[in-house]
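Common to both upcoming complexes is subunit A, partnered first by subunit B, then by subunit C.
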Partner chain A sequence: MNIARNFPLIIILMLFISAFSMPIMKSVRKIKAFGFVTMSISTILAGCNFLYVKTNGKFEYRVGHFDAPWGITFHIGYIEAIMGVLFTIVATLIIWYSFFSIDKEIKENRISLYYLLINILVGSLLGMVFTDDLFNAFVFLEVSTLAGCGIIVIKDKKDNITATFKYLVLSSLGSGLILMGIAFLYPITGHLNMSLIHESIMALKGAHRNILLISVSTFTVGLGVKSAMFPLHVWLPDAHASAPTSSSAILSGLVLKPPVILLMKILYKVFGFEIIGSFAILDVILILGSIGMIVGSIAAILQKEIKRMIAYSSVAQMGYVFFGIGLGNELGLIMAIFHIISHAVTKSTLFLVVGAMIEKTGSKKIKDLKGIGKEMPITLGVFTMGALSMVGIPIFPGFISKWNLALATIETGRYMFVGMILLSSLLNVGYYFPIVINGYFGEENLEGKVYKSKVMPMKRLIPVFILVGLMVMTGVFSLNIIDMIRQGLV
Partner chain B sequence: MQSLILREVSKMIIPFIQIFGIYVIFFGHISPGGGFSGGTIIGVSLILYRIAHGKEVAMNKFKYNSLIRSLCGALIFYGILKGYSFITGGSGIHFPQLPLGTAGNIFSGGYLLPLNIAVGIIVSVTVYFLFALFYEGEI
Partner chain C sequence: MERLMTNYFETGAMILFGIGFVMLLLHNNLIKKIIGMNIMDTSIFLFFVAKGYIVGKEAPIIRQGHKIIGYVDPIPTALVLTGIVVAVSITAFALSLTIRIYEEYGTIELDEIMKKRGD
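What follows is the complex of A and B.
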């Protein structure tokens, strides 16, 4: 038995166990270093696991001493391995960035709690991706929700508490629906393991269709709340805008993603395309996704605070992911997963950069950021690259996903939705570019600004640079990534 | 709520509550009960102490630091023990496991007893923390 097979479980265990040694430590420096070291080790392990999957193919891992119907199993294929690397590497860079920003945003006695929550959060997100057991996924989902609430409310301001309460109530509703979905499936299939549920559903041969329909719709709505599907996104702007910078980056870059992956697994692995195709649930997801793309962008244009604008942009980008799932063909699904990767790296970069801008100018308003390009040229440059990726300029990953989503839409013959993608991209230009243009150009904007007066120290910029590098690499090597995702889908 | 009667009665009652809690934890794997229920019972005894003697005395007796240290220690112990069991089971390595013993004895059931004890510590401290936070706002 190869030792690399244990790595996914070791990552999760290590993150959970190390999280609880943080409150015992006294000095803040040690806590930060410990958080960074554990996350880096997880990155290395996830990388080894990825290489193992690349050479040996996908595998099932049995957790504990009991086999599938009784015990929990992990299913590690290409998609899971890629997500493992993505989550750990982005989390490592965000933790690195947070060394310099977190002291200014939360009280000193909360710092140990903050890194504890981040470790638990990333561990539970990875668990949700790796696991092959529905109920285990639900438990990890709950852990991630509570930890996510924790890293918002830790700032202890009035906004944070109201935003967290909203998030808590709505996502508890979502959790309840997911639990109901599992409860509807269990009596007719008798299993919690995803592959075994699929076999039992196939053996039903068309019986219990209504129960399956109820179950798949509660799953869709519940996981839609967690990952901000369009009409259920109301918690997201408040939560992401009021959280500390590094929390916003983690929430927007990582926390939204595993529920979507779980939804894909439930739709295509648990139920299977035959059943899903006969239910019209995919059309609902497609329509909600495309409305989300448009409405999220329009709402982002109307915002006056920059963090709220980026948060609404997340709603729009998650719309693309749901759009890809809803198309119901292979390319659409691949692009949904690819867009998850590209959005994770891009949006976390944007949030980190914007956090730095807010810290230096002392204002959250977009109108106060005029002429920032002269004061912080490198920072706004990084922001520009992220914005270009979001809008969809070639080389950057945003272009690849939008282009292929359009191709996938044409493949299904629904030409109207291509227009939706184009319209949404144009709207993206409408809210990202004014910031860039007003930042760099315009006589009256640059008046009285001193060149490089608010520039960030180099050590703070390194993690952001690495994130941007990752973003560009995702775009450049998109063909390889898409190829790997395609192999992972089978 | 500082009454003499409550204080005197609680002095007599708290040891019994705690012993009963420990009994529930230790017999969790061979009779109804376990770490969670036993931990709640012990936590109730801590809460009763706080109600009877007031905030200051209780905060002096149960210091935040020592409580959080025992909480985290129990969690780490649980994680390492269960993780060892998971990994040896999952990868099929035949490392030594805790013996199963004969059914009906206290020292039986493999990992259940130590895990129950760890859960008991975690739950008792958490229940006390929850009460202190919601009742008086500080631990």
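What follows is the complex of A and C.
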């Protein structure tokens, strides 16, 4: 079973290599099948790797058998293994769904490029999570940014191009700042490996505090741009709303997450709590996170297009993740990671379902979705479950993370922020429930609608059902997951 | 002040970073934005290389019959090489997007694009 140690590297290599063999295939059917098969194999390998970590504990993997200062190492613990399984399984289901929707959204000769980009994107996201080397993480981050821009612009409409340009400019700003952070950190530590940097920083014993402060703030701002921290989220609604359905699901569900995990690693693993606690950086993250929760929700209420509304909801939900990081205690950090998991499954479900609604009704506007519950009862039912999870109803994972975040806030004694969580949840109700209520109820809404007239074919709904099943499972087995994350934190 | 003068590479890099940053954020012309992005990236590369450079020391290449008394740190140079590749690919992508924007809107001024999108 020792071979399972190689699986993280094999997954990344397989996704990269298989991606570039797609353009030489002629038939669209074969390309789709190939993309699905490679992603399913990655899921199985990630699952085996998770089981290995579960029995044998965390391990360091040396790429090419070079030791840490000279070679790149992967650190595979519980968190990395869980993220590996999560990303591959969500990506597999989204690819499955995209079989039925992608032909209608992009030109046929672009389909091979689309699946190429998705494989590269998921591979680079996994690399960013697994790696223990700062510069390697930076390179993977750049690859994921370019691939992410690619799957937005592939639709080739006016809105897509401007949205992609905005995304590209802002994220190149972010990557510049991240590289600057590495440039400040390297001269005083002499290492790029995260554990070794931490040892060097500890050996400094309080010298070079200003350089450390500059470095940690450039990292925070740079990674904040990539993962839509509150004032830096301006690129997100355009990009996520204009992209094709399956791209929106991947962008919102997966692409936002690895930068946050990298930020957590930089804050807690590279710098360590002693250094971070002596700066005000965690308070800044906490305040920006809580403002993001409120402002994102208010902006979502004001939207007229449903996809933009869900995109703003992503800003609010990423606010919860930053809130958890900013609390600075163990429970907060665990809940930030748990919220990443729950948001990944929930938001990708919501985007897929909404994409189906837009396709059937032919309108992006929220007001045109009235009475949709009679025409597409199952689809709106799935949407309702996702909305319940976002709002935080028990059994669903959204409740678990909000409840525990509130507990973690009380633990730190900052009671005002509990109110922030409550207010944000209420605002969530304010924009998700009108769609559900207007969809199912109201005489004037249902008038003239034919029952099940626009229902989706069953084969298209299966991946969505599996995603919903995963969502409920995340909620039901939340205690086990939280326990594993706690062990993974060291 | 004296510190700024001795580390003139780093000072210059920071000034260039500021210029690039402001150009990237405040200019309306998309090409100028991309130029600003390039200036910013280059300033970071300058900063990184300057951090690894030691005055009077040689490149880390061992030759027969040549005595080496210390050499400059090769890692920042290698990293900058990767960074340049990343910057080049982002620039190429941004320029191709600019071409498409010009085809669609007939202009590369951001305020005019916003006006056209509004109506």
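We adopt the following convention: the second predicted complex is superposed on the first by the 488 of 490 C-alpha atoms of A that agree within 3 Å, B and C clash if a C-alpha of one lies under 4 Å from a C-alpha of the other, contacts with A are read in each partner's own complex, and residues count from 1 in each chain.
We take it that a contact is a pair of C-beta atoms (placed from the backbone, for glycine too) under 8 Å apart; a residue touches a chain by one contact, two chains touch by 3 or more.
Keep in mind that what you see is a predicted model, and the values were worked out from it rather than measured.
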Which of subunit B and subunit C A:Met180 touches, first, second, both or neither: second
Contacts of A:Ile24 with subunit B and subunit C, given as first, second, both or neither: first
Touched partner set for A:Arg62, first subunit B, second subunit C, both or neither: first
Residues of subunit A touched, compared between subunit B and subunit C (which is higher): C
Touched partner set for A:Ile10, first subunit B, second subunit C, both or neither: first
First (subunit B), second (subunit C), both or neither touched by A:Phe279: neither
First (subunit B), second (subunit C), both or neither touched by A:Tyr440: neither
Contacts on subunit A seen with subunit B and repeated with subunit C across the two complexes: none
Subunit A - residues contacting subunit C, complex: 135, 139, 142, 145-146, 149, 153, 156, 158-159, 161-162, 164-165, 168-169, 172-173, 175-176, 179-180, 182-183, 186-187, 192
Residues of subunit C defined as touching subunit A within the complex: 17, 21, 24-25, 30, 33, 37, 40-41, 44, 47-48, 51-52, 75-76, 79, 82-83, 86, 89-90, 93-94, 97-98, 100-101, 104-105, 113, 117
Touching residues on subunit B, where the partner in the complex is subunit A: 68-69, 72-73, 75-76, 79-80, 83, 85-87, 89-93
In the complex, subunit A residues that touch subunit B: 1, 3, 5-6, 9-10, 13, 16-17, 20-21, 23-24, 61-66
